[in-house]
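By letter and in written order, the chains are A, B and C; residue numbering begins at 1 in each of them.
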Amino acid sequence: MSGLPLSWAEEAGYVDPPPAQVGYAERNRLFSGVPTSLIQQCRYYHDVDAEWSTYLFPPATYATYGSRYLKRLRYDNSLAALRLWGFVMSEGERLFRARQIGRKLIACMGDLGGTTPIVQAAGNAVAFYPDCFWWTPFFMESKVLFEAAGALGMGEECCFSRATLGAFHKRAYFPTPDLCVAATGASCDDFASVAQLAESLTGQAVHWLEIPFRREPQPWFRRAAFRRTAHGDAQYPIHILPFLCEEYARVLQRLEEICGHPISPHDLCSSIVGANRLRLTVRAIRDLAYGADPCPLPALEAMHVEFATLHGYSDPDECRRVLDNVLATVQRRASNGEGVLDRDAVRVAWVGPPADMRLLNMLEELGGRVAGTEYMINQSLSLISEEMEPIEALADCFLNASLIGSCSYRARRVVEEARRYGAEGIIITGVVGASHCVAEGRTIAQVAKEELGIPTLCIDVPFPSDVPPGQIATRIEAFLEVLRARRDAHRA
Amino acid sequence: MPSTPDLLNARERMNLLLMDERPDRVPAAPLITSHAAAVSGINVTTYCTDGAAMGKAHVAAYEEYGHDLLCLFTVVAMVAEAMGAELLYRDGHLPVLQRPPVGRDGDLSRLRVPNPQRDGSMPAILEATEYCFSRLAHLVPVGVFVAAPFSTAALLRGVEGFMEDLVDAPQRATDLIALATEATIPFIDAVICEGGLPVLVDPLASCSVISPVMYGRHALPAQQKLISHLHRYDMDVMLHICGRTEGVLHLLPATGAELISIDQVELGAVCAAVGDRMRVVGNVSPTEVMAGGTPDEVEEAVVRCIYTAANAPKGFVASTGCELPYHTPRENVHAFIRGVRAAGAYWPTARRNRFGDGAPAVRVE
Amino acid sequence: MNAPHPRVAVAAHPNAPRIPPASNGTRVRSPGHNRPIAGVVTDTLNRLAILLQERLEQLASAARDGAVIAAYTCIHAPVELLEACGAVPVRLPFAADSDAQTQGATLLRPDACPLCCALVGARRRHDPVASLATCLVSPTTCDAMRRAPQVWPAEFGVPLFQFMSPRTWHGKASRAAYLQELIWLRDELEALTCVRATSERLAASMARWERARASLRRIHSLRARLDLPVTGADLARLAAYAFVLDPDAFSAEVEALVAVLCQAAPTAVPAGRTVRLMLMGSPCLASDAWLLDTLEADGRARIVADALCTCARWFHISPKAAGSPLDSLADAYMHQPACAFSRPNDRLYRFIENQIAAAKPHGLVLRTLRFCDAWALEAERMRRSFRLPMLYLDVDYSQSVRGQLATRTEAFLEVLA
């Protein structure tokens, strides 16, 4: 035994079964053994303690309320993972409840974790990412949101981000935000277009936040002066930091108007400390999930963990508790030498959050495992300086983002991840029509080949009902075969 | 699929209601159960025994009417049958209880806790649930009506005998209800696993059959237990009690159900009594109005319901007092939906329009 | 840095640029115009084509002698600054076709916008204009155009100077950041050319380019009031030359044209004779003039206004001479008629509304390049905002779309007529 203290579940009399990935039916069956006391303990918005604030429910609950895709997925069988799933899946309702209990709802679009500490510093505001509703059509196996977006001019030639416009239009997936802080500039044009149309066609109040382009040093530059970020390895032109600080200051000012009270530097510092705590936990989980052998946490749950850094799924306090559970579980498994996948699973670095989450399951079913990721949210994994003035600290941290710089910077980040976790190959998932995918795949593949000598597979993820089943699985399977053959040859 | 001007679909509408939000309009959920068989042109026996046919019937009904809740249901005796009760199946008729398995001796040993995948018509209902879920659950909630333990117990014993037991041998009645509760739980678990939303139906608990005292002593605890179990899954539970319920209105919130579906009771009284704690569902007459009336009369009746109940604090779902008869004229069901759309709007017209034409096109600075 | 690709003799290249004027059969024939006046426009275009050939040869020679030819990708790059730094600015891509698009897509993605593909493909297949570039100056505009130029250093060994052109325009910080970026760009180009962009040089350059734009504005405003034998396609062709030619040489030609046209004492535009159209959307290159010819074929329609960055939006940029030239330049470029990607892009709508009010078109034509989300996603909003019949064309550079477009155009014009 590892000598670790009893988990919160064990204290209530619940013991996790031996680690495994299980299907939908088994995941629901395991739920029947969860004591009601644990269900009652897991609540969001703890300070409110309302009847509706529980979320520890099995996938069947969320499937019954429309998330049909859950039936097809495979799950980690730990209680911590169940809690994570419930917390993630309950976010939609959580946003409505936030409005009902008088919190201000601030949609942050496109900046992927930069402004949420500012929002969370307000105390009476909840930050969320409408961007994440691009997964809703997949969860629901439904094109309803795409159709709604099509009626407003975002048709099939656009990537799946258009689901977010559909959600703004329908107002049934999240309440109309009090404000939408929409990133533009070096962010994602698709989401900027969504915000523009939401502003123009649905009357959504939008505050535009310009993200500066991070130009990196080049051999032919002779006059440029650069500075390195406090935590991270990005270099940026010195003058863009004050620019981004000014942009954040404008966001702060607007938030103060919306929330009706000042947000002090002390509030910001506290929020930064909270964000860093969350980020440290996520980093610890990532390291084990992608590095330990055997794999102690499947990739789908690991992806949910990573995205928690953006905004804590609209309740950062409870999010920290959820992730602490996950970390404890993963640490216990790692120290006991237990995992959910085979020891010799082929290691693959994954680039781009897959729109179709089932692809992560698929990789694992076919004998692979995720060893490193680049989900375009790396800036929300970097720690925010607690020594600098808070706005400057937030700006400096955000300037690590891979989305705001060059393709080659992102490629180097991918290679670092692959190297760190021993990836034998790289899978890049993109979406047809996604504005930022234009040149990156080729660059990443080139750099990976030059620096690590590993191959890359690029997949454009279709909507599941649009392609024959098995088409993508065949490609992943073939890729894994190649990687296995290379491994065998190397060992020989 | 009927063309709809609605911005929201049924799934979105009901989800908002269940989160204490005002949806675009009052949901329209007439209790279309075996009437779905008529829409798809199959007889009730096939409907009750063939899961795929039941599923197809409800899909066909949804495509015909565009209502806001699927109502998968055969007969109240469905749990009793799975536990060992014998039903009589005759072509063109809903099955009826032929031989209750528990006699005057109260011997429960012949009863079994059913396996939902094998016993009675449970497998067919689960198959129909899966069928509807896989095709429609993104558009409309799939409600699955399940007999509550009190009604199941009554059918296991025979209604008359059970009524006698309630007075003369209450412990026997209590034991039978407990066993019925135990037997129902695996089935509702299976329904939830298939993606269905269990709706409890307890007709024999109504004031048309028993006194409020008996209700409080026997039916209510069983409902509470089952609803408490459903709350472990965060299910929003609809409790349907047909017949009269005015004598037990004050007890209904104690069941824990989130929605109360009523029949022969004044709608305004229900809203006044429980509307701040439960969502009220009902209650156009299924026989006199829906089956026997004209489309204009149907529309008038549903509009009256809406005017009475649309502003109930926890929300209102326009429905029928009980399930629609098989032969209900289709134009009447259409009239019901039409009436709800005409009178039941919560959002202003521009906002309800799916193309958003009412929204400002360009922001004026 | 890789060795630059070999230069190809300009005149001999199969893709040697030229913007052929429309054949006489498709030109607008206004009653009352005698043939010599109608021919003046064709003559001007022919002379500009010759000037272009000469220009390309001069630039090729100058590049061999070490001159810096600064290709730029968007009108958010201030040509005045590039020139003041001693570089020769040329806008890319000058022209595009399906081959350039296909070649570029091999280095990008098949769903990359055709313009981005053409930017890369033109260099890949040694197009004369693209081949001249010794450096590439690219303001960050849309996502695709932010990334596509990054291929140039890696694939072609051409240094890239990418700078932030803010999308937002209403904050002081955006303007300050843009100025900082221009200062950086100036400093880098000065290092490259060894020429200091003094205030005097910059002011002189601003005057030259303002003259070029003013000459086009003049024709534009005259067209709105007078019955000139200058079609919308002609105007677009004229504007395309401005992006490559020496501005003084260009201005001289266009001013001479204006003088001749005014001498002919044109009358006011007769009402109701032809359908009046406004054109907007993705950049319309020199090689896209065929679409405008199609719209205006046989005099059935006339493009009376546009919101293209290759035409009206470019020549409406007008830096003021007062104060610091660099500050004036930054202000003018920050507040130029907005592109669809600016946020919010209401200024674009106001520009279009003003154009509609002035030119009174009967209908709108929105032409977008496939996967050009910035414009394509505005289609529905434009339809609702302007409440004029709108023809929406989503195209790429393949020849195969032309027949279909012609049919759709014809149908649209019939409706308007």
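Just a few scattered comments:
In the analysis below, a residue touches a chain if its C-beta (ideal position, glycine included) is under 8 Å from a C-beta of that chain, and two chains touch if they have at least 3 such contacts.
Quantities reported herein were computed from a predicted structural model and do not represent experimental measurements.
Among the other chains, the CA centroid farthest from that of subunit C is the one of B.
For the criterion of most C-beta pairs in contact, the winning chain pair is A-C. Relative to the whole-protein C-alpha centroid, the nearest chain centroid is that of A.
Between the CA-based centres of subunit A and subunit B the separation comes to 39 Å, rounded to the whole angstrom. Between the CA-based centres of subunit B and subunit C the separation comes to 65 Å, rounded to the whole angstrom. Along subunit C, residues 344, 346, 381, 384 each make contact with two or more other chains.
Contacts with at least two other chains are made by residues 151-152, 199-201 of subunit A. Counting only residues that touch two or more partner chains, subunit B has 361-363. Partner subunit A is touched in their complex by these residues of subunit B: 7-9, 11-13, 15-16, 19-21, 23, 133-134, 137-139, 141-142, 189, 192-193, 195-197, 232-235, 351, 354-356, 359-363. On subunit C, the positions that touch subunit A within their shared complex are 1, 107-109, 111-113, 116, 140, 142-144, 146-148, 150-151, 153-154, 159-160, 162-164, 166-168, 171-174, 176-177, 180, 184, 187-188, 190-192, 341, 343-346, 370-371, 373-374, 376-381, 384, 394. Per the touch definition, subunit A reaches subunit C in the complex via residues 151-154, 157-158, 182, 184-186, 188-190, 192-193, 195-197, 199-201, 206, 208, 210, 212-213, 215, 218-224, 237, 239-240, 242-243, 246-247, 250, 406-408, 430, 432-433, 435-443.
Residues of subunit A that touch subunit B in their complex: 24-25, 28, 32, 36, 39, 52, 54-55, 57-58, 60-61, 63-66, 68, 71, 93, 96-97, 100, 140-142, 144, 148, 151-152, 169-173, 175, 199-203.
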